[in-house]
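Input: structures, listed below.
Next, two complexes with subunit A in common: one pairs it with subunit B, the other with subunit C.
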Partner chain A sequence: MDAPQTIEKTNALEPLIYEISTPGRIGVNLPKCDVPESDLPTELMRDDLKLPEVSEMQVVRHFVRLSQLNHAIDTGFYPLGSCTMKYNPKINEDMARLPGFALLHPLTDTAGTQGALALMYDLQTWLAEIAGFAGVSLVPAAGAQGEFAGILMIRKYHLDRGDAQRTKILVPNSAHGTNPATVTMAGMEVIELPSDSDGNVDLDALKTVCTGELANQIAGMMITVPSTLGLFESHILEVVEAVHEAGGLMYMDGANMNALMGVVKPGELGFDVMHYNLHKTFSTPHGGGGPGCGAVGVAERLMDYRPGPVVEIIEPDDDAPLYGLVEPPKTIGKLKAFWGNFGMHIRAYAYIRAYGASGLKDVTRHAVLNANYVRAMLKDTYHLPYPRICGHEFVMEGRFSDVEDIHALDISKRLMDYGIHPPTNYFPLIVKEALLIEPTETETKQTLDEFINVMKTIAREAHETPDLLHEAPHVTPVRRLDEVKAAKQLVLCCAPVMKSH
Partner chain B sequence: MNFPSDLKYAKSDEWVRIDGNTAVVGLSDYAQDALNDIVYVELPEVGDTFEKGAVFGSVESVKAASDIYLPVAGKVLEVNTRLEDEPELINSDPYGDGWLLKIELTSEADTSDLMSADDYAAYCEDR
Partner chain C sequence: MSYIPHTEAERQQMLSAIGVTTIEDLFDAVPASHRFPDLNLPEPLSEMEIAAEMQALAEANEHAGDFVLFRGAGAYHHFIPSVVNHMLMRGEFYTAYTPYQPEVSQGTLQAVFEYQSMMCALTGMDAANASHYDGATSLAEAVTVALDATRGKRNKIILSHAINPQYRAVLRTYHQGRDLKIVGDNGHADIPDLIDMLDDNTAMLAVSYPNFFGQIDDLKQLADKVHEVGALLVMVVNPMALSLFKSPGALGADIVVGEGQPLGVPLSFGGPYLGFFAVKEKYVRKIPGRIIGETTDSTGKRAFVMTLRPREQDIRREKASSNICTNQGLMALAAAIYLSLMGKNGLRQVGELNYHKAHYAAREIDELNGFSVDFSKPFFNEFMVKCPMPVQQINDRLINEGIIGGYDLEKDYKHLKNTMLLCVTEMNIRDEIDALVDVLREVK
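Moving on to the complex of A and B:
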């Protein structure tokens, strides 16, 4: 493939919407108020609320242009490991926009929401079946909130049994950063476990902790399967057994369910609780396209602790059971207003219905096959620190022993010149110059081959014309950003820029 | 990589310069290089005391956030307040202006697990 080498801006940057504001211009005329007006509290009133004053056409063009500056799964390959940026089928969007769902008010009574509740009930049931759990709560609004719910359930379970001293959670050093953060948020403490040379949890280190003086303080363990190295934990049954024998519960971070769905059930491996990322595995929008849903699945002993409400059949009937929202008896409480991100429940439901049981199994098989294909094709060009069969993603090093000063960041930036979103870089932390690559199941062999060729081209450029990498990206709307300045000078909201004229 | 020979080094990449019953602590050249551009440092208060090996702060770079561990037990006498505005001093001068803490040793310093410059250089080489 020919490398784009011209250094020129292909797109003019879009101004801020405040910069195209003109005093007095109005985009929308609001209808006359048809209810009695009431005064707002004076302490909440202000007269300096600066909003952009623009026409509808200006708003449309502004945001369409911004969207055109963006890279998205709908415009290009997006192999962002650990994040499962899979294609979001458009049928999901159609279903979520059906007026019966889209216009439903969250406070509508049970009689008027039976269809929505039936959908949530079925989704709970299917997610439980997929991961081998006794029950599910759809409430958590994101993966991190699912983790938080899971650890709070584990904590409450121990407290109810009088095991108040169990305050420590084991976390492998390959974990997602959210795992130790969750433990701290829940008021508990992390014990970090090393990895062995194959990328598994160091079993000896685990057994030492689980049989040592801290054993009766272990509340549980958080582990991602496959790990963030994309590797299936070969000793997972021994890991589960060791923690259970110490009296701890097992939490699985389900971020990587795209390598297991339809093939392995975490509940059957002995896990007590897991969160699903509907915005990863079940194709609901991710990142800025969210919101997310970090539903939690639990084994029998944690059923009563689930965050509420959950949907249950409150009046059984073969033809038309009555569904209702129920708080589990020992619930950890509310995590979110109303009933979770219902729009995401609809999309995940549509996804599962569209694929069916055998289709979901195929999703997993293709995700794993695609990752292993790319891994095998690049293994002679880039160093693989863990040269094993991988799950849905794999990690390689973005550096070369015979070229000084080429980093994972340079390779990532150069990928943008070829219209490919960079993979996750510098994570997991235990791999030097890590590039974590996850192609997902929906990419064609042609796209994978194109990516492989680009990666090989970039490796050649790194040796022959390294400055091409150091100065990349060349053809994106903006060139390399100053990450240090961005991290140090936080400007978190856009101050209105009113022209002085 | 520069590893001054008058310092002791921890496996977790901190250095310590012991002088009588006080010591100065910082991050090694290897650590600052691996972290890349450092953008934020969180340090303890003067007067805080820490066990040997305890987390006393954290450092954030454009790549990662990491805990920092105290190589010997001690009570904080002074923190490097310049790092609040200029965390990049750790990158440019890890053994000088980029120091983190001055501590008073709360017991005789246990340095049995700390490495000499040569041993630390070999340890870094293997990673």
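Moving on to the complex of A and C:
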């Protein structure tokens, strides 16, 4: 195809790969065919493959230049609440690329996978220990899939006990959107619970539901600890007890596990199931939107329901036990092909190995220290709806009572001009103009001080030169985008491909 | 510890700014009865020690670096140009989050837009999303789209038994909370039998292309028959086969899903892989998961952004069609880089190498006493071999010769006794194929 010269090209940061395509060019050097050729089935074949034609160096420059348009942990501070954007150790990347792991076929016979299975077995054991659970399944590919696994386990548990009427899941209104979406996917129904003025679940409302006429329809409750506001639920034991007494099971969203390692074990608080985000707490990189791993930990009564397979010792031996992939007897089934995102298991293994017990406890201690330090330093500049000690993150309002028309979005966009990634904004939904800030433990005090200063500067700018914020960002590769146009015109692929249809 | 940078002096300054004495004071809200439990974990290791320990674990595996691999069955060993890994190793890509803030995420956004474009080109569809967890979950999510597209009034799902058994299992896991009739895959119904099952309660019919046995089924009449009853045709495809064979779009598919791992993603013991998901234009607004669109910024510059966001869980909450949030962004990037390097001609060459080598191996094996290859349908790079004894026995022999043999189909299909699914790719040189044939010749 001809390289189309579009008007946009002259007005683009980087041309599309299709726009630098030249017929006949190729970016690889492939071997010649070393076997006798066979007849190709011409009537079944295509002649319309619209892929770009570029050289190897063009590809390299293109993707290097694209990479330079990203903000990333490796380029700057990333205080994105609920996402735990901590440093991703480089050794982990090297380990995942060892040929013995990277070139291992998932259907290799058990005898040939003992190294991989031993790694998974140890990781299962360690994760169970860290959160106080009886066992773990590493299968779920992401937090959302871990949640789905948890709710399916709760559902099946009740069905097996003849409690088919238990179809309702309690979800606080501060919950991440995946929680209610998961409940629907599992064919169950959400009962939303209000929060009290301290940001905790409204205990009276919870008790009313748990002792009311719906009590025997309650399958369980999903709750994030610390909450999405970054707060430890101070009456968590009462919450667990109320739901258990109604016959429901407790699901913990473990997205915020970075605040809990060596501090409290969710299993010991009475939780029945929880997902871990290996791509948050255990340092596996976010990859610009995945891959992740949402391993699930369960209490004894849900062990048999775990998504399969799990790794077990199938032939005990003190020196060299034989590991195998095993389907738990009442499993909810397979959640993905093969055995989970093994590449993420490798990285999490290396991470836990580097820290050990005392180190992981230090991770949490410093994550919480960093968050509280930033909170303390900004509390006189920004309004904190819940002015108390926080966990690994805290929420503040991105607005000022004495300036009209400054929003969390404006503050977020202005932060980019200072080379800082914005906090999570407009979440949790129960806080107006929310800015959710999570510094993580790997940031230095100097970086935090710089952020604090920038936030104070932006507050001053909001009062003195508000348009600086309204029009921000100013120095990023692109300015604010026309998102309405994107949804309306719906250009979802490059022009040469579209023209081919 | 090297990943925590605090000095003792800094800790004290920070604690005093907060107004507490010790770090432990920050955890008063945690119930005292359960606070600060012991963690029974191994002692921490230095970076050198970690590398040594993990190298030993890695080397305990029989991997394609040390063994000649003839196994596929859903995961494929293909050539990955060096450039792919070099680009993936750029911290600007792999340490970034989901591109919710487009002004500082144009790199990821444009790369995924290009990925979507190339997947549309491969599949012959109008729109592709930013990816799902893997091929199996893509198929499971296709069911949701089909149910929605038929307005929730139909609940019959017809599956070919020749779709990867693991994908069918995942589909059932995903939809166990729904009242669905999933039919077609409990025997060995061929395409005409599946057509006979179509009725006005059918939301979708799914087939695999090539199928799990490596074969290309005759799908010419299929789309018309499916559309006659108002259902959707879903095709599960191996993207590498699309280097040669007619696109699913040309065959009338409404939704195309599959495993993108063959496109530049290593085997990695089954994950992370790449689920792709592409649709005809009329279903664009029903796609689950993230999707990147083109727009302009306030100065008129071209830019990319996550679009059609109101479908997603963080906005629609319990009304969202899927809870998907994280996708496989870095794997989608790998596929985009891989397809850029291969391009139109390179991918075709790789496809032909696969085809010729697989057919050479098939012919050679078919001539051996006791072995016969199923040539009843055209195939791409995998084929079925009927063996004179259980597959496991043959594979035990092969492994001693440094060869990982084919997949034992009896594990999933009880009627396929002594049947091996062999995979030959561009990675297998002729000497390796000949060595395989030599060992099989001696098997008794």
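Here is the rule we go by: the second predicted complex is superposed on the first by the 456 of 501 C-alpha atoms of A that agree within 3 Å, B and C clash if a C-alpha of one lies under 4 Å from a C-alpha of the other, contacts with A are read in each partner's own complex, and residues count from 1 in each chain.
Please note the rule applied: a contact is a pair of C-beta atoms (placed from the backbone, for glycine too) under 8 Å apart; a residue touches a chain by one contact, two chains touch by 3 or more.
Keep in mind that this is a model prediction, so the values were computed, not measured.
Q: Taking the superposition on A as described, I'd like to know which of subunit B and subunit C A:Ala357 touches: first, second, both or neither.
A: A:Ala357: touches subunit C, not subunit B.
Q: So, A:Gly115: does it touch subunit B (first), subunit C (second), both, or neither?
A: A:Gly115 sits against subunit C, while subunit B stays out of touch.
Q: Where does A:Glu483 make contact in the superposed view: on subunit B (first), on subunit C (second), on both, or on neither?
A: It touches subunit B and subunit C both.
Q: Using the superposition on chain A described above, determine whether A:Val28 touches subunit B (first), subunit C (second), both, or neither.
A: The answer is second: A:Val28 touches subunit C but not subunit B.
Q: Looking at subunit A, which partner touches more of its residues: subunit C or subunit B?
A: Subunit A has more residues touched by C than by the other partner.
Q: Check whether A:Asp318 is in contact with subunit B, with subunit C, with both or with neither, and answer first, second, both or neither.
A: Touch partners of A:Asp318: none, neither subunit B nor subunit C.
Q: Does subunit B (first) or subunit C (second) touch A:His105, or do both, or does neither?
A: A:His105 contacts subunit C only, not subunit B.
Q: Is there a shared patch on subunit A that both subunit B and subunit C touch, and which residues make it up?
A: 177, 427, 483, 487
Q: What residues of subunit A sit close enough to touch subunit B in their complex?
A: 177, 426-427, 429, 432, 483-484, 487-488
Q: Which residues of subunit B touch subunit A once you look at their complex with the stated criterion?
A: 34, 37, 39-40, 60, 62-65, 87-88, 127
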